[in-house]
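A, B and C are the chain letters, set down in written order, and residue numbers restart from 1 in every chain.
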Amino acid sequence: MLTCDAIRLERDGFALSADVSFQAGALTALVGPSGAGKSSFLGLVAGFDIPESGDIIWNGQPLVPIPPNQRPVATLFQDNNLFPHLTVEQNIGLGLSPRLKLTPAQRVQVQEVLDQVGLSGLQDRKPGTLSGGQQSRVALARVLLMNRPIVLLDEPFAALGPGLRAEMLDLVRTRLIAPDRVILLVTHDPQDARRAADYIAVVAEGTIGAPQPTAEVFASPSEALRAYLGQ
Amino acid sequence: MKTLSHVAGLCLIATGALAETPVLTVYTYDGFNSEWGPGPQIETNFEAECGCDLQFVGAGDGAAVLSRLKLEGANTDADIVLGLDTNLTADAAATGLFAPSGVSVAYDLPIAWSDEVFVPFDWGYFAFVAGKDVAAPANFRDLAASDLKIVIQDPRSSTPGLGLLLWIKAAYGDESAQIWADLADNIVTVTPGWSEAYGLFLEGEADAVLSYTTSPAYHLIAESDDTKTAWVFDEGHYMQVEVAGKIAGTDVPDLADAFLAFIATEGFQGVIPTTNWMYPAVMPAAGLPAGFETLVQPATALLLSAEDAQAATAPAIEEWRAALSQ
Amino acid sequence: MARSPVAIIAPRWPGAVVVALVLALTLGTLASVLFRAGAIGTLTSADWSAVRFTVAQAFVSAAVSVVLAVPVARALARRQFRGRSALITLLGAPFILPVIVAVLGLLAIFGRNGILNSVLKSFDLPTLFIYGFTGVVLAHVFFNLPLAIRILVQGHLSVPVERYRLTASLGGSVLRLIEVPMLKRLLPGAFLSIFLICLTSFTVALILGGGPSATTVELAIYQAVRFDFSLDRAAVLAAVQMAIGACSALLVWRFDLPQPVEGGLDRHSMRWDGQSLWARVLDGTAILLTALFLVLPLGMVIWRGVAGLGDLPDVIWPAIGRSMTVSLVATALTSCAAVAMALRGGRAVAIAMALPLVASSLVAGVGLFLLLHPVTNPAHWALPVAILMNTLMALPFATRILQPSVEAVQRDYGRLAVALGLSRWTYVRLIVLPRIRRPLGFAAGLTAALSMGDLGVIALFATEQQQTLPLLMYQLMGSYRTDAAWGAALVLLGLCLVLFIIMDRGGRIDADL
């Protein structure tokens, strides 16, 4: 369980507040208009930003005092998830060894996740030679390999077409969901949320709404969601 | 194999010698110790008799050598300073860094030499050097009235430039400001040093350049080119006498004295004409090299005493600057 | 308690060390000269007229350069022709050329006996006299017009092609909708960059100035040190020069200072304007005149130099070796220092980047001499000092080239690097350095070429054994050997270009962008 305890963040006239909990073993989508604070919220969880007040609790452990690289978090960004000058294997290997000195055992692990995301044999290619979908899979492979209990997906597949995006979301569901893992997905596409998420939290005007089961949310949308959906 | 061991032997001797022998450090201007300047031959000649290591340290031109000496003060590594001219010697003597030379020789100079501190090693007349095909003016007034273009050096950064300033001062006294004003439209440009001016002249940027009466000898002897000449001015020509002096605080006083004495000998003076392209201060036994007899001979030699030159310099520069800034 | 966002993790202390060194070499050396002088000098009226002349020529040089660059940059940006990329490469040449070599080349074209005047004379037209203000400005335009052109061509090319399409489909004026806003953004910075570069000009005014009225501040400093030995006046003049630079730099901060442009200019935008005959003639003329103006003087250096190669003395080889050593070591040091500065960023770095541009290299040299002399014989340090001073002088350019790329890496990959837990040094080694290879290669090439030229300060330290190539060239000129001096100039030009091209290309090979 990931709990945000009276979090408040203020930046340049923009305020974000969150007082919610997210279930482990499920994927929660954060849905809302751009500028509502979705990505800022992920930044708080990842540790790129420090809130003015409140704390983020993971299984009883406060996260705010912990620097980003020591938090139990793996993030998939909107873009720039891969270093173009490193090979696929190196890009994934960074998740295991930040100094890029892979042991034979670690290289085997990299091969295994490559197999899992369906990219066997591409370890020596550089990202520039891969298609958009393949690049997303490489990034996802690294998140898989890092095996962190909190996974943040910040519109990672926004640049892909609808078919590929659906495929990637399915891959996320099949490979990432685990009993003790919280997965947060930021998206502005309600269809994505409906397809992939177990819970939906509506974000509006700097407030993170409480997550609710996807089916319920779409059956009786709240006012904020209706406004967003244009209904 | 024989050559190799020979070379190796030489190296051993050389390194051995370096460790043992005393070093005489001579500050001089760059041109003096360049490969084609007098430095290398003089070094060989002197080292053959002194059992020492003569090291030339080049630092720009004469004025720069003096600046460097002033920067270093009493801590200087120099034992000898070589390459100042009489326009700088009063200033140099005032530093108190120099010791009397103790050398007295009969010099072949157009003027009597009585300086106790500095020893002359060569000399020349400043003159405008031009192509022979250019109609030569007879004096500065003639030049100023003509359409001839000249390139000169800045008196604030170059010894010939300062020489020209004092030349006009010595020849025209209070009228010199007017001479400069009249010359202004003849002057193509004022360069920082002799090299740039002479280079511009050779590129055809001016009809004449301020240099020395001996400059045509280079073209004649080294390049077999007899198209250059120096203009003879009837008001006389200012001289440049280049001197050397001993640093009082030298740690090898005997060696320094030996070098000062060596300056007047064949091993030094014989090298000067065709390396520094100036007249030797003491005529070598063989006389001047063939070609020097073709050089023009001014009727009158002008030279301010070191003290007069020092006193005249600052006001003359101001006068020059004002005249040319119009 | 307001807490700031988590900072990106590049190591900051190396940048601080570099900043400290730059301050020591500029302000520290100035202070040591002042300390030795023991008094604050008073400036003479000649000094003040030097200040006025310096500002005036820098202003006019910068203005002429940017104004001329406008039509040329537009022509280069919208025309495609044979030799275009070669011309754009050549645009870099004047900037890296040793000043004395370029001045000789200019004189061979524009001098009293130069090609231009020979042509004018043969048609009985009035001839051009370039010594004086005109000559100084002409030479500065020669050096800096290419810089202005490159900045503006880059400006044209950075406009998204969609905006040209939009303008074309609306039938609007490219000039008003695209070019004028772009120029408004770029011109002030380009102007001020060139103004700063011209402010410390020395050799150009030395040779082309024509007389004492064309004395720049740096030249006045040279004369104060060399002739009067008034260190106090030299120090004050250096401080005045710095103050003028600082005032300009304050203005610079208010504008976007464009970065020197690296690579990528061989693209051209598909554009729909400029199809009229008039526009074609205008563009063609602008390109032709620029090409002639920039290429002819270089051509003369090559022409005269080839003839002089045979006259070169054997000492050319050790001189080449020494110059290459100075250049390569300075390049290595500058690259490291510039990366450190760019990684650090911030106000201290901005100041440290501007200082060497406006510092007097002569006063820095004298100051360094005074600092070294009590401890050791400065003559033994001639080459290290040459390396240090070249590093100092190239640093502002190198840092400015690297900064945008380093910032882009920080922006694009900083968070990912934090999230992956890369250590500071791993981040620099694995991520930053590979990502900035292209600008680093360009900066290294520029530094290598700039460091082949020589600074006046070296004369103070030099000895017989430590002659560099430019010094040898001066000595050849100073001993009647003009032909050999042209040969040395050609060797110098060749080495500069080769070093620049090798490093610039080296940065591009296999760079995954």
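The rule is simple: a contact is a pair of C-beta atoms (placed from the backbone, for glycine too) under 8 Å apart; a residue touches a chain by one contact, two chains touch by 3 or more.
This one's a predicted model, so the numbers in the text were calculated from it and none came from an experiment.
Trainee: If every chain is a node and each touching pair gets an edge, what shape is that graph: line, ring, star, complete or other?
Mentor: It is a line, because the chains touch in a row without closing up.
Trainee: Report the pair of chains linked by the most C-beta pairs in contact.
Mentor: B-C
Trainee: Using mean CA coordinates as chain centres, what's the gap between chain A and chain C in Å?
Mentor: 47
Trainee: Give, as an integer number of Å, the spacing between the C-alpha centres of chain B and chain A.
Mentor: That pair's centroid distance is 81 Å.
Trainee: Distance-wise, how many Å sit between the C-alpha centres of chain B and chain C, to the nearest whole number?
Mentor: 36
Trainee: In the complex formed with chain B, which residues of chain C make contact?
Mentor: 46, 49, 104, 107-108, 111-113, 131-132, 135, 206-213, 219, 222-223, 225-229, 313-315, 366, 369-370, 373-374, 377, 379, 459-460, 462-464, 471, 474-475, 477-482, 485
Trainee: Within the complex, which stretch of chain B touches chain C?
Mentor: Per the stated touch rule, the residues are 30-31, 33-37, 39, 55-60, 63-64, 66-68, 70-72, 75, 77, 149, 154-157, 184, 187-196, 198-200, 202-206, 215, 218-219, 222, 277, 318, 320-321, 324-325.
Trainee: Given the complex with chain A, which residues does chain C contribute to the contact?
Mentor: Within the complex, chain C touches chain A at residues 1-6, 412-413, 415-416, 418-423, 426, 430-431, 434-435, 511-513.
Trainee: Under the definition above, what is the set of chain A residues touching chain C in their complex?
Mentor: It comes out as residues 43, 46-50, 52, 67-70, 73-75, 77, 80-81, 83-86, 94-95, 98-100, 126, 128.
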